[in-house]
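Shared between the two complexes below is chain A, which has chain B as its partner in the first and chain C in the second.
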Partner chain A sequence: MELVTQNEKNVMITPPKKSLSPWALARKKFVKNKMAMISSIFLLIVAVISFLAPYITTADITRINIGEMALEPSNKHWFGTDKAGRDVFTRLLYGGRISLLVGMSCTLFVILLGTFIGAVAGYFGGAVDSLLMRFTDFILNFPFLVFVIVLNAILFGKVSGLWVLIGVISFLSWGGIARIVRSKILAEKENEYITAAIAIGCSPAKIIVKHLLPNVLSTIIVQATITFATMIVVESGLSYLGFGVPQEIPSWGNMLNSANEPDVLQFKLWIWVPPALIITITILSINFIGEGLKDAFNPKSRR
Partner chain B sequence: MSTKKSLIKEAPLLEVKNLETAFDIEGTDYNAVDNVSFTVKPRQIVGVVGESGCGKSVMSLSIMKLLPKGIGKIKSGEVIFDGINLEKMTESQINKIRGKDVSMIFQEPMTSLNPVFTIGYQLQEVLFNHMKITKKEARQRAIALLKSVGISRPEKIVDEYPHQLSGGMRQRVMIAIAIACQPKLLIADEPTTALDVTVQAQILELLREIQSVNDMSVILITHDLGVIAEMCDEVIVMYAGRIVERTDVDTLFHNPKHPYTTLLMGAIPKMDETEERLSSIQGIVPSLTNMPKSGCRFAHRCPKAMPECFTITPKLEDVEQGHEVACLLFETSKPKEGVR
Partner chain C sequence: MLKYAFRRLLGMIPMLLLTSIVVFTLAKLMPGDSLTGEIDPRNTNPKYIQEMRDKLGYNDPMPKQYFRWISNFSEGEFGKSTRFKIPVSEVIGERLPNTLLLGFASILITYMLAFFMGLYSGRKPYTLGDNLIGGLNYIGLSVPAFIAGVFAIFLFSFKLDWFPSNGSVAIGLTDGTFEWWMSRLHHVFLPAVVLGLLATASYTQFLRNDIIENSRKDYVRTARAKGTPEKKIYNVHILRNSIIPLITFLGFDIVAIISGAIITETIFTYPGLGQLFLQSVSTRDYPVLMTLTMMFSFLTLVGNLIADILYGVVDPRIRLD
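Let's turn to the complex of A and B:
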């Protein structure tokens, strides 16, 4: 008897199911993914703190202070000072700004360029496709490191160093995205709803932007997160080698630069461990987010 | 139907002249539609019937220039719609006609709607493409259109996604999109093939109703002779990319001439039949790469084939007033010795 009433109660409580868009479904799944959510929150905190750096610390990031060279962590300098007497904590915050900026700008350019070229090649096919894809192959075949170093050297001093770096990295990295987007578009455009869209008088531009891209957007978003992580690594790597962000601008990679001396590497851990750690954790969390997005967009995964 | 016959003398809405559509297979062109000519008059329902792979769909795609890029192309011929030659138009010019004056319903309602957009969005899109209309008006129009194709609760459906609708409902939505701008010509490419029988009947009923309300012409492509009998004023029978017979629907069912049509008629199961096996036409439509080079393309399956059938290509000619047949048996210049 009690069971029956219980059931009735359940029936009454259950609200009518509202229809969710594919995007809302994906968002719901993503929010449920713990690792991805923790990573998102971590990344958000890093970004906010880096962005608010001038309000958090007042120390000068560029002034060389011979009196305070390579001090151990203390109350005054939380993470100690580097070999030029600059506060490591302050530089870490400002470095985050640059590293994230480089990562994000590169990602943005790479995604925009890659998506545009991939979508146009995939949709129009034929000669346009061949031409664009051979160009993509050409770009992908460039020896990346050598080219970055040479281009950076040529353009150095003519334009602001940071944007040269961003431009050069972006220009050499969109090939993979273009290939992926092209293959996705090729599969997607065979669907009858594309023919149906043409049949109601949509122009090619509208077909690509309004009908094809939303259907491949999930792939593009996942690729964007992976690209973001890669770009931070690329920036750090180049800066570590001394060919990346100009030396006077702090970035996580530049901070690692001083770790090439055995003395620092062995005895002055506070100089290089913080940036190394933050790079690792940031990239890890970006990858978790990417993984979470991939799951969220996959209609077959149920978790 | 008899009232419509009186309209036959009107100027044609659509005139297809010697249309040839070819597919490029490994460097060689193969004609999937070979020298097809016909007309559609205003307010007329023209049925196109034939086996799978005989060029019905390709022909309809050619009319709207929707052939897959790089593979299919229109080799020659004219498609004159309302006095304009569609084949000479540029892509952007024809975009102004697609969806507005000529629209199309596709065979597969499950894949003809974009899964990422709501029903309302896709309905409004065609309105925005061809009309100057505010968002609010477009939404109201969309709801009204959904209602007109017999969808209950249109206010709710308008915000739903294609995956939440059944096949029959999606086909109704497709019809709503197709008639949104009140086109003069609707091309329905097997609109009921993917639906079950009861829904089929409803959709056909709906198409008929809309046709008479909107005063539009319809080209109905199907391989179901029952649908033809139910719906059409005129019938075109296609075989292997060519028209073999064209006449009004009564004549076709009561007095079919071409051996292929006769055999098709014989293949319709009848209620009062005592035979156990369904009669069928032996063999299959030759594949595109395998078409006979000369003569009648049906000759090798035709029980009435004569030796010259394999060498002389029959022309589509009037045998009676308004009844065209492409068969050597009926060509006036030929002796009719082959008739058994």
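Let's turn to the complex of A and C:
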């Protein structure tokens, strides 16, 4: 007997080659996607230098400088100065902070609210589902831009301007996410492991968070990317119209607002082209990342 | 189908009532009220102001005020604009044709461009032309409308001087003449293209992918085996199947045009409803603001309804109930 065991121990046990987990597979696919990787790096750089703006530049953009109004780009002012004598490059960095902050906060709130409502409606079904979904329909049937502008006009001045905007935008845009999450949860909860989890006495909260959400997470991540791009467009569009971020705070949309003056639009390109370009490139790169993620999470796409 | 449409139409009524309550509450929450527009501005006697408030019903309890507003509203009496001092229906009536023209022009341009680009890309996928169109679409999807508008004015109005940068018609032309119509079309073209940019890009991409998908199906193989010319396969057999789903987007177009018009009309200072809406917010012209908000909400409801119904019409497999 002992000899046999000895023999077995001497045999080199080669572990079977472990296949990659779905997440590792997705990561591998994403890293291979050139456009998505370039976009990620670009976005990261924009975010980092925007949030480090106070350490990178020393120019004062809070004060109007009459001596340096609307200067052309030079060594001192890389992108020139605007009509109030403020350095465009510095404002671009500070503006990026606000625009990205608004975009990220709105995305976070929209995803949290949409996922919560969608998951609860989808899991419980019945009366809870129809009540929540009627409410979602109601929100979705509002013309978004109209109500954002009206609500913002009401709340403006009562609470700090930036958070009003974030709250209003988030409150009016979670409907789409809730619908998508609900339909995914509806399909997922029919699986047997959910029945098993119920049978062993898991609480609904635990089933939703531990068992259901991880399986719809890939959809949520892709949706979050799309939402992020949309939110940046919404913020800058509203600010451009003069109904978004308060005028005194620099944001990419507020900077573009000066393009409304024919003189600036026609002859002072350095004031409005940088924010216009940075918004477009940021949206473009977020879209590329979104496409890359969608592709990476799709088990049918093989590259 | 008819039954479904009818039931959905009935379902719109409580939706509209709820929306009207929201709109009314919001208007009441906004700072100030339209009183200042109704009274004699030179008379600052507090007693006179108080009397006028009572007379005009601003001191009634909220539900009473709401019911007065909604019953007037449903009879088509929208009140008087505090800014223009004329009935709201006249203010809106004046701007409505402009926005309608903008919307129609935008839809027409969108579908025409999407049709030809999608057809070409779908027929010759992965060629230089297709990649070019694909790249353009990607830009169209990523450039926000207001940035596209600003660039369009800079390039086509200021640098090339092809299109006017503002207004809806040239000054000094008589209504209804040929020149007048040409001038209007000239003014509407650029805003309409900008308004339809996003839709054009997504519809082109949709049509392309649908044509490619259809071209791999059995009926196409059968047609090829019979010796049908390639041109006929694409322009008749496939096109018929691919063009139909595109129609379902019409409902969403209505919804998109409403918010699009607010942005586009402001950029191009085009005197339409979107511009009027923004002006009514900043000048606190509540009667106009409330009427427009109700109107936009109604149109959004109708747009979503049309989209849902068209889905069922186009694809009978979708059960509507």
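Everything below uses one rule, namely that the second predicted complex is superposed on the first by the 286 of 303 C-alpha atoms of A that agree within 3 Å, B and C clash if a C-alpha of one lies under 4 Å from a C-alpha of the other, contacts with A are read in each partner's own complex, and residues count from 1 in each chain.
The definition used in the following text is that a contact is a pair of C-beta atoms (placed from the backbone, for glycine too) under 8 Å apart; a residue touches a chain by one contact, two chains touch by 3 or more.
Computed from a predicted model, the values in this text were never measured in an experiment.
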So, after the overlay on chain A, do chain B and chain C clash or fit? They fit
Across chain A, the partner (chain B or chain C) reaching more residues is C
Identify the partner contact of A:Ile154: answer first if only chain B is touched, second if only chain C is, both if each is, neither if none is. second
* Could you tell me if A:Leu145 is touching chain B, chain C, both of them or neither one (first, second, both, neither)? => second
Worksheet item: Should A:Glu248 be classified as contacting the first partner (chain B), the second (chain C), both, or neither?
Response: neither
Smallest Cα to Cα distance in angstrom from chain B to chain C after superposition equals 13
In the complex, chain A touches chain C at residues 137-138, 140-147, 149-151, 153-154, 229, 233, 236-237, 240-243, 256, 259, 262, 265-266, 272, 276, 279-280, 283-284, 287
Per the touch rule above, chain A residues touching chain B in the complex are 19, 21-23, 124-126, 191-193, 195-204, 210-211, 214-215
Per the touch rule, the chain C residues reaching chain A in their complex are 15, 18-19, 26, 29-31, 138-139, 141-147, 150-151, 153-154, 158, 165, 255, 258-259, 262-263, 266, 277-278, 281-282, 289, 292-293, 296-297, 299-301, 304
Given the complex, residues on chain B that touch chain A span 64, 66, 69-70, 91-92, 95-100, 103-104, 106-108, 111-118, 125-126, 129-130, 159-161, 164, 174, 177-178, 180
